[in-house]
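The following pair of complexes shares a single chain, chain A, combined with chain B in the former and chain C in the latter.
Coming up: the complex of A and B.
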């Protein structure tokens, strides 16, 4: 029997945050991780809260926090804990040598690959848009063969937006990969991780761009949580560089994940990979252990407390059947509209949240799951991240924000 | 003013068939379609090329037409047909007496129905239920409705036939009980114009009653809803039919890597009543489980709904009871010359329907050139030299796919583009093996106005991810070539994803919901194309 103080189920942003907080509080922590979480898909920006249920943006995440519904995870967590989670995160990144920028009092609007801007809160230095204020000259930079990124879309759409009415040019960099091969942002980031790749890229940029400009790049500035690629390129080309939000794989999320993994290793957290948690052993309202199933055998892991952070429908923490949603490990109640028609809106994109996005596990203010009658379902299980009920992260732009705050709060409760 | 000798209204299978037939006979013909080609019933169906077995008992004439046309289409449209063959299976709950009638019906009509043992059937189709009582092999096949239409158009264009899409007919013009033209309204710009013509063919399918009504003539077409389900697997290699009178949810048709199950039947409120419902899906799944017991474990792709244009001289006939045979109505009998409607029928017999209609038009125009649509292939085969060249640029199995999809002429254009610019070889849609060169070629066609139009021509976005990645690339591709039809890139993305959503929404569970979380996460969560904007700075 493997014994810990705290077991975290799920290796995404919520789970890794919870593990870091619990470890800092002196607990022995084991993370049971099935996959890699969605950081590598969604990216490393912490969207705290962009807009309300009417789709109108808040002046700042803090202003929004004061207005969320009682059922929203932020209401359960409380504004102070959200602030503490943000402080914890900023401190952790700073200490790791990869400082993030932003705070709850400021809404950051960052450019995307669609040429839109989106509201967020905490961003790596590579995504800070402050340099835009310093110049009128912008290059939208693309990479040959990177079929998930189109600099002309970025330039054409951005220039119509407030604060972005600049002179735009397009610059293309050739990473010299064999033609016909599918190239992703990860390939280019790995290319820029190498000394020769960086030199080649610098050489090409120098031939195209004028010093003093801002370069808008897809998120490709290396895979490691440091600003070495950014600094080297900025110095050599004598331009400021901003990474945009783009299609997966998301290098900004890779970096953040690497940062958290490095940190957890040094903090003595045990991470078990490819650990699919199939069931839980529960007695008298307390979870005694969870059982992982692998190709070879079952293993059980016991602990004083369990943090369930294994994602929503995408991550597998929730499963959906026609007209029904289930939580497969603890069989916690998941409230979902009985008629499938009520799960979603006829329009995919509208000024309304999608009901299915808000399906999840109802919790109390300690983030422990509630039974259908409103009483505590389990004494020592805490819910963090996407499986929480009551929020549509896509619509309100709270991706990674709820994960951070709930991961932090759950770990403070154990 | 634009002129044509003959105007064909309706860009479904029948309409494009008539366009090709008349063009091949040297007639100056223009086809008008209110949206995109095959946007109605001709793409919202099984994709089944009937052997005729389905009609052998109830409607021998229809059965005979099916087996004859089946043979012709395999020859002229071989790039659209996958010669899968089909099974008719009888389960314990199906009437044995019907089987006897059916065998006799097939014999009379000339449909080869070869009995095999259930054991042999399970060897060939291991997923089939073990409850089979009897099995017959018939020459059913799968047919791609989109491709069939496009290849008809490609053929018609070679003979001077013209096509205008997004052109809705709003008035039929006549003088002294004689057709003089049509008035059309652009769906995109709202602009109205008149096209002069001598003859109008009403091949508007479920909309045929509405078109005839514009001329003050009554044609009883009752649109009937049919919902279908696409699975992301090939459940069987053959078409599987239940050996019983035609009923809901009992035909499975394999297409490439997917299977289509259908269909339901209920009265439609209007021809546009084409959003599928969860209720229909679940009802069909339940029936389908009699044939494939573990049906619920397969991943769904989407649901879709079409309306059958059922014609009845008696307006009270409804649903499956109404005739599936086609009827040609020469409205000279209604005191309007130069106007005829073609109603009813089925996809399998579209060519025959087109031939009969074109015969009538040619008699009117005093043209004696005979119909040749049964002899000449829709598109030419790509030469071995062209295929060899294509293999240098396409992924391994993509060459044959593209050659079939494009036909020799367009394949050559695409291959040349790939030869000149290596980046054009990139796969925009990995699910369906669609290259950048092909997306650009389809976007440049005069009938393309949005990326859903490009999808119907190429199959881009029809695979597992339902466009989550390839739509962004397609937008990037058309925008960089200034082919974006004056639309914003965000609108292009939204239009396409909404189209996919219509078929996803009724089946929003399991892996389909997972996929949707990803799609929304990208476009709404990350890229904010839904447009939360900074109104502080305004």
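Coming up: the complex of A and C.
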């Protein structure tokens, strides 16, 4: 049996953040994870809180934080801890040489591949829209063969939006891929990781774009958590570059995950891959150990405290069974509308939240799970990320924000 | 209950596997795990469909490690590969690469055979003969040891102990790297265990599965399953120090075949370092280590990571005073068993390993530790450093 101070279940953004915070506090940490989390393929922006339950955007994430209802994870965590989590994250990225921009006081609106804009809070430098203010000339840059990315749609839709009313041009870059599979942002990013790819791209851009413009690119500026590709391209073509938010696999999340993994390795955090946590050993309201199941045998891992960060329905942290939702490891009560027919709002694209999205585990202010009667269900288990009840990340734009703040808070409590 | 299901329908098309596949990262000729695995598998259920780019999958299992939905992608690929050989024949190259054990046995029968075979392979490499056969001439083939592990072991006088374990050496340790086996025996003896070696064990079949000889590997699986069962019933744990053998015996047998006793055997199988670490947990590990004043880098084999018990070698080596061990954490080394020996895969294999080679060069170490024999060959070839099995260091620390 492995012994640690803290065991984190789940290697998504919530779990990796919790591990980093606990390690910084001097704890020995083990992360048990089956599969990589959504961060690998998702946008690496930290959406903290975009809009309220009426669908209207907040002036700033901070303004929104003051308004969320009492069941919302942010209410439990508290504004100060959310601020501390943001500071922790910005500091970590800065130290790792991959600084993020943004703060709670400012809502950042960033362009998407659909030519819309979405609210977020913390973004990598590659997604900072500040350069837009400095020029009237914008190029929507596309890559030949890149699936699901249409620069003319980006241009056509964006130019109607305030702040984006500029002169648009289209520029196409050919990564010269012959035969082979569909081209994704990942392929282009890997091409730009190579010296020859970058030179080729620079050459092609130089022939089309005028210096002084802003280039809107899909998220393809390399796979590594550094700004080398951005800087080299910007200097060579004398334009500023902004990456848009695009469909998975999006490189922005991939970079952030690599940054976190590098950091955890140097902080001495053990990560056990392919470790599917199947059950827990609980005695008198305390978890003594969790048990992983593989094709050979079960293994127990014991610790003083456990952070459950294994995602919601999507990550495998919650399972839907006929008539109810269950949490498969600790069998904690899952807070859901009483009747399953009330789980979803049949108007899928209406401006209302989806009740099922708010299904999750109810917790107290220390993020420990609550029993049906409102008392503490387990003394040394803390919940972080998607399995928390009371928020619809998709609707309110708070996915990585809740993962960050709850991962941070949980690790501060252990 | 069988935990592994060959369930293409669990795939949510999240693309995490594509993002983590090392082959996809370096060549566009491969359509990637999701397409070749679960997406095509659904088609294969209804029609005969061959996907030519399937040959690029190295069976490294990084896709399985990435998948949040537990789809055994690489195994789906290997099943499809075997199926594709139903109506075409194997090349001489595949035949040689899949049957390392048979070739080694042949060499062993002739007096001085190991020497001659080594000579032949080196000449073959330099004369371009290997390339003709489809085997990468740029890469030194693993040479045969002058004396196999089994032969060395039989001459070795063990101290008898009440606690016994059974050792599964596997072809690589037995014929190419017997020192690792002898180091294992020495370390177990230092911990009060006597080692039994079952001479009837056959090749685990991993190289056969990777080359599309599914049925033949199934025969091996049947033989080994019977023998493993025999030892399990006598209450002896079975240990292997080769990560690919371990993965095959425990997990892939269950994913690929339906043989009585596999799941029970799996519960009784241990990786060498894992077993020692379990002793450490119980306070039973002999920790009378002398200091080893050096810095080494550890490379985690993909087939070890896929087993879901972490990196026990790292934890063990940390117990040796003076030894500074750092996890390279640079991903797949690229060789993936016999994949990197194929002439047309050599460049892919080296391109995958580049990140690791660079990491090794940057770290300035001259010794890299890894549990997998073929990883060690690749690292020695690509980064020009000395490589050792973790147990070799452990033995040194006991004997110094």
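The definition used in the following text is that the second predicted complex is superposed on the first by the 411 of 414 C-alpha atoms of A that agree within 3 Å, B and C clash if a C-alpha of one lies under 4 Å from a C-alpha of the other, contacts with A are read in each partner's own complex, and residues count from 1 in each chain.
Please note the rule applied: contacts are C-beta pairs under 8 Å (C-beta built on N, C-alpha and C of every residue); 3 or more make two chains touch, one makes a residue touch a chain.
In this text the structure is predicted, and so the values were computed from the model without any measurement.
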item	value
Clash-or-fit label for the pair chain B, chain C on chain A	fit
Chain B versus chain C as contact partner of A:291, first or second or both or neither	neither
Following superposition on chain A: angle at chain A, chain B versus chain C, Cα, nearest 10°	90
Touched partner set for A:322, first chain B, second chain C, both or neither	first
Which of chain B and chain C A:137 touches, first, second, both or neither	neither
Partner chain(s) touched by A:55 [first = chain B, second = chain C, both, neither]	first
Superposition-derived comparison: chain B or chain C, residues of chain A touched	B
First, second, both or neither for A:273, with chain B first and chain C second	second
Contacts of A:184 with chain B and chain C, given as first, second, both or neither	second
First, second, both or neither for A:37, with chain B first and chain C second	second
Touched partner set for A:248, first chain B, second chain C, both or neither	both
Chain B and chain C, minimum CA distance [Å, superposed model]	6
Chain A residues contacted in one complex by chain B, in the other by chain C	38, 41, 179-180, 248
Chain B partner contacts - residues on chain A that touch it in the complex	38, 41-43, 47, 50-51, 55-57, 59, 107, 109, 112-119, 144-145, 147-150, 152-153, 156-157, 161-163, 179-180, 182, 245-248, 312-314, 319-323, 339-341, 343-344, 346-350, 354, 356-357, 393-395, 397, 399
In the complex with chain C, residue positions of chain A that touch it	1-3, 30, 34-38, 40-41, 177-181, 184, 186-187, 190, 248-249, 254, 261-262, 265, 270-276, 292-297, 299, 311, 315-316
Residues on chain C engaged by chain A in the complex (per definition of touch)	3-4, 14-16, 18-20, 24-25, 27-32, 35, 53, 64-70, 250-251, 254-255, 263, 266-267, 269, 281, 305-311, 315, 327, 329
Chain B to chain A touching residues, read off their complex	275, 277-278, 282, 393, 422-423, 425-428, 430, 436, 469, 472-473, 475-476, 479-480, 488-490, 493-494, 497-498, 501, 505-506, 508-510, 513-514, 516-518, 520-538
